[in-house]
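First comes the structure, then the notes that go with it.
So that you can tell them apart, the chains are marked A, B, C, D, E and F in the order they are listed, and the count of residues begins at 1 in each.
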Amino acid sequence: MNDINTLALLGVIAGPVIFAAAIYFTKQTKLRNILVLGAALLTSALGIFIAASPSANVYPDSWVVYAGAGLEIVMTLAVLAIAYNIRSWAVGLFGTIQLVLVVISEFMHGESSIGPAFVVDDLSRVMVAIVSVVGSLILVYSIGYMKEHEHHAPATARSTNTFMFFLVGFIGAMNGLVLANDMKWLGCFFEATTICSFVLIGHDRTREAAKNAARAILINSFGGVALTIGAFLALLKGSTQYSGILYHADIIAFSFIALAGLVKSAQMPFQSWLLGAMVAPTPVSALLHSATMVNIGVYLVLRAAPAFVGTKLMYFIAIIGAFSFAATSALAIAQSNGKKVLAYSTIGNLGLIFTCAGIDSPLGYSAAIMLLCFHAVSKGLLFLCMGTIEQKIGSRDIEDMGSLLREMPLTTVITLIGMASMLVPPFGMLLSKWLAIEAAISSPIVLLLVVIGSALTVLFWAKWIGRITTVSYHPWYTIERISISKQSVLAILATIVVIAGLGAILLYRDLFVDIAIRAYQGTYISQSDMKLFEAAGNIPYWPFMAFIGLALVAGILAYFTVNASNVRAPFLCGENVPGSTKTYEFRSVKDSSHLAWSSSLYLRHIFEESKTTMWANLIAAVIILSMFAAIGVL
Amino acid sequence: MSETIIKLLIAIVAAPLVGAIIAGLDRKVTARMQGRVGPPILQPIYDVLKLLIKQPIFLNRVQILYAFMHLAFMMLTLVLLILGQDLLLTLFVHAFATISLILGGMCVRSPYSRIGSQRKTLMLLAYEPILVIMVVGIYLSQGSFMASDVVAAGAKPLLLSLPLVFIAYMMAMAIELQKSPFDVASSHHAHQEIVKGVTLEYAGPFLAIIEIAHFYEVFLLFAVVYFFWAPYNLANAAVGMALAAGAFLFHIVLDNTFARLPAMWIVRFMWVIVFLMATTNIIWLYRLGTI
Amino acid sequence: MAKRSVIPFGPQHPVLPEPLQLKLVMEDEKVVEAIPAIGYVHRGLERLAQEKDYQQVTYLAERVCGICSFIHSLTFCQGIEELMNVTVPDRAKFLRVMWSEMHRMHSHLLWLGLTADAFGFESLFMQGMRTRETILQLMESTAGARIMLGTCTVGGVRRDIESSAFGEINTALDSVARDLDQMAPTILNDYSVRERLVGVGTITAQQAFETGAVGPVAKACGFARDFRTTGYAAYGQLDFKPVTETAGDCFARTQVRFAELYQSVDLIRQCMAKMPAGPIAVPVKGNPDGEIIARTEQPRGEVIYYIKGNGTKNLERLRIRTPTFANIPALLKMLPGCQLTDVPVIILTIDPCISCTER
Amino acid sequence: MSVLAKSPWVVHFNCNSCNGCDIEFLACLCPTYDVERFGVVHVGNPKHADILVVTGSVNHRNARVLANVYQQMPSPKVVVACGVCTSSGGIFADCYNVLGGVDKFIPVDVFVPGCPPRPEAMIDGIVKAVGILAAKAKGIETPVADKPRITVSPSPKPVDETPAQEPDEVGAVK
Amino acid sequence: MRIFTFVNNVWQNITSRPATRLYPFTPRTPIAGARGHLQIDADTCIYCGICQKRCPSNALAVTREPKTWTLDPYKCIVCSYCVEACPKKCLSMNPAHK
Amino acid sequence: MLTNVKEISRDTLLNEVAAMMPQGYRFVTMTCVDCGEYHDIMYHFDKDYVLSTLRLKLLKGQKLPSISDIIFAAIIVENEIRDLFGIPVKGLALNYEGRFLLTEDAPIAPFNKPVVNTETKSNN
């Protein structure tokens, strides 16, 4: 127990909330921006400090536990208020169930030995690092973004102060959630993130935004109910803390918590809220998708994974994850809306994390944590890039991103870095995917789903990267003007992505392997799993660096040395229009000029969204029901 | 260490030459099967040498970058294999080599090139799962993902435990070699409906780079066939060679007795028939093993 | 909704032996709209024919199209002969049929090769072209040239085929028939070939009638419309029946042409058996006057020559309607809805001859 | 010998041809003549080609296509004009829509006479073109191809192969 | 419906000699009567110009004074119409290609 | 000689043409001949190998009504006549506007006889 640690812990949770409150009441834009920046700096500094500090447990006084309970009731009441506000009886019902359960549990007594209310261990340190760093960067980015957004946002939009309040507060809540061990605090932060996401998604207050916000709170409060039920069931067995549930291996309680996790992580069939969340301003999408909201689910499950080794529940979680991965990868193929593709990809990757967590081996666990980290950074970067691109070209459609490389070279290169990190072998995402497949070797169904999913992901990433790098020849490139906050955040994130990506193998070897070993201490691991785990940690680093370096050096040398006089118009069957500025113009009927255009492959007749979604949801629902049946709840 | 480096250097130099000679033999035998005399066996090497001295015309600079990436990742695949590294990772590296080529075809505003790339993506989609399944099969029969363990002395020849996977691999290989029923994206022969597909906009030295990468790929593909009967000993090596030769003939006959089939047909075929075939083999192994 | 792709298909495209452009509008790879743009081979031959001596036009007409050149000159000569009331000797008529059928065979074999190429069957292409070489050699030995025979002239033919050469012709025909037998299971029964042809580019009999399709395109829809049955040249004295199929798809057109190859072998053999003795040409005096329409059956269908003479050695008007010209509307009906992969196959199964079409 | 001479890739463009030359060119690729013996590949894509084989004369519409195809070929490149139409317009020289031979639009290196030229003649043309290609690769200036006329007169001996431009009145084109 | 139907052909091709004529190395003897290229016997020619008139492609040019007969082989379509028209039979077709 | 010729006028053209198809006639082609003051436009139909012709005398300068709505196959030949004779065709289903066979630099209406003495309006 260290005072500084406690303070840091308090700061990383309460700090953002206090800043948020200050921001809410600030009239001046400049001051507000400074406050946001301050919040970001403070949070990230504290986050890094916590991540770097040794593991610690915080045993609070009993009043802290009561405060948690009180706050949870407040949050539940807020949900009820929202339910009244949007006239949703379902949300009202969920809120009421929660309220009743929370109040009842107030009068029950848990285990006598009260554990720590807040825990700083490997997993929570990783999570705090992600939330604080990526979240803070998104905060900074949103300064520039909102300045522009204010101009063309609909008149109905809430004030930027409100926006910032919830955005900054969100990070505090998220930090609280990943550090909390006490189920009351957990529930309280869980609800807080739900409420924040509701407000942020509905920020523009257009009809569509309102609808999607309502859907988000509906689905998430369902998740809240699941969590409360889980906590209540745990309480019946005497545990008031998450660690207690794990200690007792209380599988029934945990199954509900896992359900809450699946809802928060927008796994099939609960994915629709996350897709709807795309209407929000981009920082919100970025925050929800990369650093915060969706990670709650995987966090809850990951924390429990070593405690439930070998249970059917974990097996089903792995299958749900793998199925979500395969289904969303297929769905993403038919999308031309860039943000939606990213959204599907997020769901898919979270599914993969669930799969890894459910596989029950240190290899899977390490893959899951690695995936979590790399996904947060890369996806955050990609969303921010998307926002920048969207504000510039006014479209989210992949097909409209044709000559981005010329119009906004810097952002495009950064976007490419982000995409490359999702696709190129030694970078983090692919390394984790590789680990995931190796880890999944013991369960064939999961394996097949992951294999299919990862093959499908290639299709939309390749399509998108291809479209973005499409340029006609131009001797010069435009100099890009974007606000400094956006630019610097993109640059920082891209640097993080590159460094982390290049060092992925090292990071894995030196960090994630240890975490996994610590997490699985004392559990039974099969010989073959152990062998794989050891082998994975020993992959050589230098061939990758040597050949990628070689390609880059040779390619870049060639890039700058080829003579512009060697540029030829594309092959258009000989009917190019000479002297046209658009090299892809051809002469056709009546000798008039037409633009040759080749749109990307969407396979809509196969992966049509509504139909595929319907079937996938159905199957996913069946899997979830069978999960409950398998552990004997149903 | 220095021994490894020498081994690698030899491989890096020899692999494309072997690949080129296989490609040359391929052209020669194909010609003979069509009742022609055909080109000299070293023709692919002449082609590449010629391309290297042609004018380097290009469309945009990005495509050049992708060409180099394609080659580098193909070489990396070879290196990882020689180092006896993890097969799955090697496979991913190889897939990315193909993706670079796809991106190279996509990043130009040339309709046929893009269509070729899209078809190539579909082909990647068609054969990639099969290859992953193959690697899984190798793991299940050898208990390791390491290439070095597959060829290690005393290991059991893979073909005995993976006969159906071998057939599936033959199909995947035919796609990568651009052989007839599967040559939808590009081909070494003319009269293609989409002209040359992915390599359409590459010319001169840049095309040569892609050709060299293709030689590496040819070598790799046949090396994998060899792996199916690879454990170190002379008799086994002879069988492995014979297997590779058989695969070579099979592909030429396939090329010469089939019409090109539509891309979606191929995806369906690979995902339904071949995939099922491979998974049947895998499930059989699971039954033998863990479950 | 994504934008539709727009691509130029031609004029310089490896599967198109001739320049022709189709502006294809596609969704994914499905063709939604195909608009032809032609004029890449338009020379203005018809007007040149009006400036030249009508005897010279025979050689010009041969060069309307290099694939069915003999039948072009034959049609022209028949028109002029009818206009000038010239009776052609019987032997010349039989010789004309022989060369016509040789041309039909070489054209169909070429078509077979090109179509095989369009669906990516390279060795079938090679085999078809190799078989065709036998016919070309036959034409060279009987007429003196491989493609442009130049043997037809107003009033008869310019060259005789001696009976002594019949043995050689028979041997060649045997070898062709043997080659065809060998290819037949592939073309008519191979899975991959059928996969590419059956059900592709289908038109109904009604559509074929409305679009005025001719030749194998019409025959594949069940119309037994073969102009040879009217008995021009020596066809009246030979025994044959037009080949028909009913499916109306690419495969039916393939079947029709393949059966016609056997039919041509048979017709040449019949000619040699029934060949009468006598002169091969009659002298022609005077100049054509009046207007006439001459029609014959080309490998691709019915060709029409409208000839208007004015009593001078120059023609007043020569108009050529070639079979491909009549089949293009049918092609436009076939294309929408097909896949890009099928476009070359569909184009080639109408056996386009753009050079004919544009003259 | 330069490697260029060992692997000439050919692109074929049909300008205004009646197909006679095209099908003879195809015959070259086929088993009976098989130009792949010399490493010739029919690539169909000007960007990969070394030799452009043109058949047929030029008309108003395909002139621009021809120019594009030629322009898209990487140097060193050689043009082979196959057939009399390609060389001079041939029988169609007087047509209103024929602009004449290909040499009016792009530099031609080899003319192959014949209507249509036999595959043997085309192979000769390609072999000649390969030589020119090798020379061009070395940077040697290659002479512009000429189309020699054959003129005979009774006294004292037939003169063969006089240069094209010498007698003014003979064979005036139009 | 079968697959591999073409194997027969392929087998036959690979087991027999290729059909290729090794042209530039072993030239073929020209077929008698083939219209290879036009040639003239200059001594018999009377420079009447009939061939020039008949030529469909204006490949021939004949002048009476001075007596010259010029052939543009790059215009000649080898139809041999002139050969038939020549009153002195001094034109002939050489079966060898040129 | 040309048999089964029926002279029609510009006004009755569409009705006459429309009446042919139901009688089992197949549209074959159209022929246009420049006869000095007028263009002789023939519509050829075929039934059982017998050709029937509708002959329309179109004065120079007049517009030709298109039959492409009735017979789709006429599109190509009508565009060709539009190109080669410079006769404007009214109501073409797919109009190439004189750029079908000919392109911008090519001669205009090359099949029209050179105008001698008579005053005929230019068709363009």
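Basically, a residue touches a chain if its C-beta (ideal position, glycine included) is under 8 Å from a C-beta of that chain, and two chains touch if they have at least 3 such contacts.
Because the structure is predicted, anything quoted here is derived from the model rather than measured.
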{"item": "Contacts common to chain D and chain E (chain labels)", "value": "B, C"}
{"item": "Chain with minimal offset from the mean of all protein Cα atoms", "value": "B"}
{"item": "Furthest chain, CA centroid comparison against chain C", "value": "A"}
{"item": "B-D against A-C, pair bridged by the larger set of C-beta contacts", "value": "B-D"}
{"item": "Whole-Å gap between the CA centroids of chain B and chain E", "value": "49"}
{"item": "Chain A and chain F: spacing of chain centres that average the CA atoms, whole Å", "value": "69"}
{"item": "Chain centre separation (chain C, chain D; CA means) in Å", "value": "27"}
{"item": "Euclidean distance of C-alpha centroids - chain C vs chain E, Å", "value": "24"}
{"item": "Contacts with 2+ other chains: residues of chain E", "value": "3, 5-6, 10, 18-20, 22, 56, 77-79"}
{"item": "Chain C, residues touching no fewer than two other chains", "value": "5-8, 11-15, 29, 35, 39, 42, 44, 47, 59-60, 63, 121, 123-127, 130, 133, 148, 186, 190, 192"}
{"item": "Of all residues in chain B, the ones touching two or more other chains", "value": "31, 33-38, 55-57, 111-112, 115, 189-192, 195, 200-201, 203, 256-258"}
{"item": "Pairwise chain contacts under the document criterion", "value": "A-B, A-C, A-D, A-F, B-C, B-D, B-E, C-D, C-E, C-F, D-E, D-F"}
{"item": "In the complex with chain D, residue positions of chain C that touch it", "value": "11-15, 17-19, 39-45, 47-48, 51, 59-60, 63-67, 69, 110, 113, 125-126, 129-130, 132-133, 136, 146-148, 353, 355"}
{"item": "Chain D to chain F touching residues, read off their complex", "value": "59-61, 96-97"}
{"item": "Contact footprint of chain F on chain C as seen in their complex", "value": "35, 38-39, 42, 44, 46-47, 83, 209-212, 227, 229-230, 290-293, 295, 304, 306, 308, 316-317, 319, 321, 325-326, 328-329, 333, 358"}
{"item": "Touching residues on chain D, where the partner in the complex is chain C", "value": "11, 13-24, 26-27, 29-32, 42-46, 56-57, 59, 61-62, 65, 68-69, 91-92, 94-98, 115-116, 118"}
{"item": "Touch list for chain A against partner chain F, complex", "value": "589-591"}
